[in-house]
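Same chain, two partners: subunit A is paired with subunit B first, then with subunit C.
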Partner chain A sequence: MSEIIVRSGGLYTTVQDIGRDGQYAIGMPPSGALDQYSYRVANLLVGNPDGAAALEATYIGPELEFTDDRRIAITGAEAPARINGEPVALWETLTVRAGDVLSFEMITSGARPYVAVSGGVAVPEYLGSRSTYTLTGIGGFQGRALRTDDRLPLGSPPISGPAPGTSVPAGLRLGLGGVAELRLVVGLCSYRLTPAALESFVDTEWKVTKDADRVGYRLRGGTIDFVDREPPFGAGSDPANVVDLGYPIGSVQIPGGNEPIVLLGDAVTGGGYATVGTVISVDRDRIAQARTGDRVSFTPVDVDAAISARRDRGIRLEKVRAAVS
Partner chain B sequence: MSTVNATLPGVFYRRPSPEQDPFVEVGAAVQEGQTIALIEVMKTFSEVKAEQAGTIGRFLLDEGDEVEAGQGVVEVVSP
Partner chain C sequence: MAATGTDLPPARYEFGGDEFIFVELDQEMSLEANFKAMAITGALREQGIDGVIDICPSNASYMIRLDPDRLHPVELVDELRKLELNAGGLADDHTVATRIVDVPILFDDPWTRETLLRFRDNHQDPSGTDLEYAARINGFRGVPELIDSITGAPFIVTMLGFVPGLPFCYQMVPRERQIEVPKYVRPRTDTPERAFGYGGAFSVVYPVRGAGGYQLFGIAPAPVFDLAQTLPDFADHIAFPKPSDILHYRAIDRTEYDRIRAEVEAGTFRYRTAEVEFSPTAFLADPDGFNRNLLEVL
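For the complex of A and B:
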C-alpha cells in the first residue's frame, strides 16, 4: 500500500478532515481542520473529493517522505516549503515522486499550514470522520500527533485534477497578519456580565497566550465584571459560573473574569462557565491562524450576519474551484 | 558571534524545570546541538539548541518572557 513516511512530525501535526459532526450529544466535539478554508482549498488543488483527510501542522511543519507519485498542495500559514531542498510555491498544485522529501522552514505568518495529498490520508474512519481528537486518543493516525517513523496510508489518487503549477489567485488566499477581527454572536450567558463589561470586552484588543491549541485559545488583556448574585444550586461560587450547559464550538468563556477562552474544534462539550458569546464559524478559520502573542478583537454581529458570512465563504470556495479546475 | 532565534512563539525558560539549574550560564562553552533553553507553547516544551559550538555571550530574554517566532533568544560567540 502507498504511504507517507514521517521523518519528523514537527511540533504538532495531525490528520484532519471536515470534522466529526453529529456526535455532540455523546460529548464528542467535531475536531476537524481548524482553518476549514485553507484545508478545503488544499483538497481542491490536488483534485480530492471534499472531505478527504489532510495534514494540519502547527508552528513547525513536518518532514515527509513520499513513496510514489502524487500531487500535493500546501495552504494556510505562510511556511516556506521545500521539496528535496528546492523551494516550492504555496497555494499551488505540486508533484512529488517516490523518495521525494517535503520539508518546511520557519513559519513567517499564520500558525497552521495544511498539506493535502492526492488520494487523501486513508486512516480508518472513526464515527464517520478521519479527524484526530488527541484528548481521548481517537481518530486520525492512532489518535495522536505524528511522530518520526510513522507511516501514513494514502488512498487511491483521483483520475483527474488540477494540472501541476495550478495556483490559487492571490485574492482567494487567506488574509493573514494584523489583529484578527472575530465576529461574535452575543449569548448564551452574556446576561451574567455587567453592561459595562460587555462593552469593555468588545473594546479590548486581546492577546493570544501560550495556552492556545486545538481545544481553545486563552486570551489576556482586560478584566470582565459579572453581575453580583446569589449563585443558584449547581453553579458553584465563582461569579463566572453558571449551572452546566453545552458549550457551542466557538463560544467564549471567561473563567475567573480575566482570561477569556475561545473554544475550538477539540473543545470540551459542556460545563459551567458563562459563555459571553460565540465566534461565528467562518472567523474560526481566522483565529486558527492567530499565534501566541498575536492580537484578536471581537465585533458583535447577529445570527443573520453569521449565516451570510458562511454563505460568502461557500461562494469564495466555489470561485477557487472554478479558478483551479 | 551568532544569534539563536526562536523557531516558534511561546514562553522562554532557561531551566528544564523551576527547581533545576539553568541549562547553561553566560560564559559557558556549548557544543552544536546542545540544549540551551526551552520554549513552551500549547503545553509542549520545545528545546532551543545551539546551532554551532561556541561560548554563551548573553541571553536576550529573561526567564518567563514571552517570545515571538524569529526573535533572537541568545548570542553564541564563536570559538
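For the complex of A and C:
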C-alpha cells in the first residue's frame, strides 16, 4: 500500500477533514480543519473530492517522505516549503516522486499550513470522519499528532486533476497578517454583561495568549464587567457563572471577566461560564491562522450577515474550483 | 408540573453564529426545566428536519447545531417556538424507563488533591482544599458531613457534554438541600481522568484528563468513557452515562478503590445497575420516599 513516511511530525500535525457531525449531544465536537477554506483549496489543487483528509500543521511543519508519485499542495499559513531542499510554491499543484522529501522552514505569517495529497490520507474513518480529536484520542492517525516513523496510508489518486504548476490567483488566497477582525453574533448570555462592558469588549484589541490550541484561544487585553445579580439557583456564585449549558463552536466566554476564550473545532461542548456571542463560521478560518501575540478584534453582525459571509466563501471556493480546473 | 411550583418563564431564543441555536428555558436550574428540554428535543428528533445536525438537551436549556446551507436558522426558530407551545406540562402518568447505577467515589484522594493544590491561584479560596471550601460555604460542620449529603441521595443525569461522555448530574433533593458551589475563577488547564467534581448545583465525573472549572472532591475508580470499549459496559457505546440515568455516588476507601481499579485493568469491571421506571410526578410529590425506594432496588 502506498504511504507517507513521517520523518518528523513537526510541532503538532494532525489528520483533518471537514469534521465529524452528529456527536455533539454526547459531548464530542466536530473537530476537522480549523481553517476550512485553506483545507478545501488544498484538496481542489490536487483533484481530491470534497472532504478528503489532509494534514494540518501548527507553527512548525512536518518532514514527509513520499513512496510513490503524487500531487500535493500546501495552503494556509505562509510556510516556506522545500522538496528535496529546493524551494517550492505555496497554493500551487506540485508533484512528488518516490523518495522525495517535503520539509518546511519557519512560518513567516499565519499559524497553520495545510498539506493535501492526491488520493487523500486514508486512515480509517471513525464515526464518519477521519479528523483527529486528540483530547480523547479519537480519529485521525491513532487519535494523536504525528510522530517520527509514523506511516500514513494514502488513498488511490484521482484519475484527473489540476496539472502541476496550477496555482490559485492571489486574490483567492487567504488574507493573513494585521489585526484579525472577527465578526461576532452577540447573544447567548450577553445579558450578563453591562452595556459598557459589551462596548469595551468590541472596542478592545485582544492579544492571543500562549493558551491557544485547537480547543480554543484564550485572549487578553481588557477587563469586562458583569451585571451584578443574585446568582440563579444552580449556577454558582461567581458573576461569570451560569447554569451549565451548551457551548456553540466559535462561542466566546469570559471566565473571571478578563480572559475571553474563543472555542474552535475541538471545543468543549458545554459548561458553566457565560457565553456572550459566537464568531461566525467563516471567520473561524481567520482566528485559526492567528498565533500567540497576534491581535484580534470583534465586530458585531447579525445572523443574516453571517449567512451572507458564508455564501461569499462558497462563491470564492467555486471561483477557486473554476480557476484550477 | 405544579408539584414544586416552578413556573418556567418564556423561552429565550438566541443565534450562536450561523450554525447554532441556543434556547434557554430558564436561567435557574430545576427538574421542570430539564424535563421540558428533554421533551422538546425529543419531539424535534422525531420530526427529522433536514439540516438539523445535532440536538443537545442541556440542564435548563438546549442547543441545536444546523447546516445553514440547507436550513435557515430563523426558520428553525419558528419550528422550535411551536414545539415549546406544544410541550406544556408533563402528564401525571408520564414515566421514563431508565436505570439506577452505583458509582463508587474515593473522596479527598491524593491525585485530585495534588491537582487542586497546583491550581490554588485559580481558586476563590487559595488557603484550603475544594472540599473544605465547599463544606464551609454550604454551612456544613465539616467535610464528612458534606460527603454524607452527596452520598445520601441519588443524582439524575441532566446533560452530557464538555467532553465526550461527561455526565452533568443534579441531586434529586428539594432545592433547600441542594449543594451549590461556584466554578473556579479561572478554569484549570489540567484535571485527572475520572476526577469527581462539583460546580453550580451539578456533579460530574471527568471522562479524560484535561481542562476543567469544577471544584475537585474526589476520584472514581471506574471510567465513564472507554474508547477501546474493552469493558463489557462499553460494548455498545464509548460513553457509559445517558441522559436521565440515575447515579448513586457511594463513598469508598482506598482498598476498595484499588480493588476496582484492578478489575478495570483486567477488563472485568461492571457497574452495578438496576432498571427502574422514573415517574417525575411521583418523585416531585415525595422526593425522600421515592429515593428510598430507588436505592432499595439497587
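Going forward, the second predicted complex is superposed on the first by the 325 of 325 C-alpha atoms of A that agree within 3 Å, B and C clash if a C-alpha of one lies under 4 Å from a C-alpha of the other, contacts with A are read in each partner's own complex, and residues count from 1 in each chain.
As a convention for this text, a residue touches a chain if its C-beta (ideal position, glycine included) is under 8 Å from a C-beta of that chain, and two chains touch if they have at least 3 such contacts.
Note that the coordinates shown come from a computational prediction; the quantities given were computed from them, not determined experimentally.
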Touching partner for A:V268 - first (subunit B), second (subunit C), both, neither: second
Subunit B versus subunit C as contact partner of A:P195, first or second or both or neither: neither
First (subunit B), second (subunit C), both or neither touched by A:S251: second
Which of subunit B and subunit C A:R291 touches, first, second, both or neither: first
Partner chain(s) touched by A:G99 [first = subunit B, second = subunit C, both, neither]: neither
Partner chain in contact with A:D238 - subunit B first, subunit C second, else both or neither: second
Which of subunit B and subunit C A:T58 touches, first, second, both or neither: first
Greater subunit A contact set [subunit C / subunit B]: C
Touching partner for A:D213 - first (subunit B), second (subunit C), both, neither: first
Which of subunit B and subunit C A:D21 touches, first, second, both or neither: second
Subunit B and subunit C footprints on subunit A, overlapping residues: 211
Complex contact set, residues of subunit A against subunit B: 11-12, 58-60, 106-108, 210-213, 291-293
List of subunit A residues in touch with subunit C within their complex: 21-28, 135-138, 143, 184-185, 187-189, 211, 215, 232-238, 241-246, 248-251, 255-256, 259, 268-273, 275, 278-281, 303, 306-307, 309-310, 314
Touching residues (chain side subunit B, partner subunit A) in the complex: 5, 7-11, 40-44, 46, 66-70
Of subunit C, residues touching subunit A in the complex: 14-20, 22, 24, 26-30, 53-63, 65, 68-69, 72-74, 124, 137, 159-166, 168, 170, 175, 178, 180-187, 189, 199-202, 207-208, 210-211, 213, 225, 227, 239
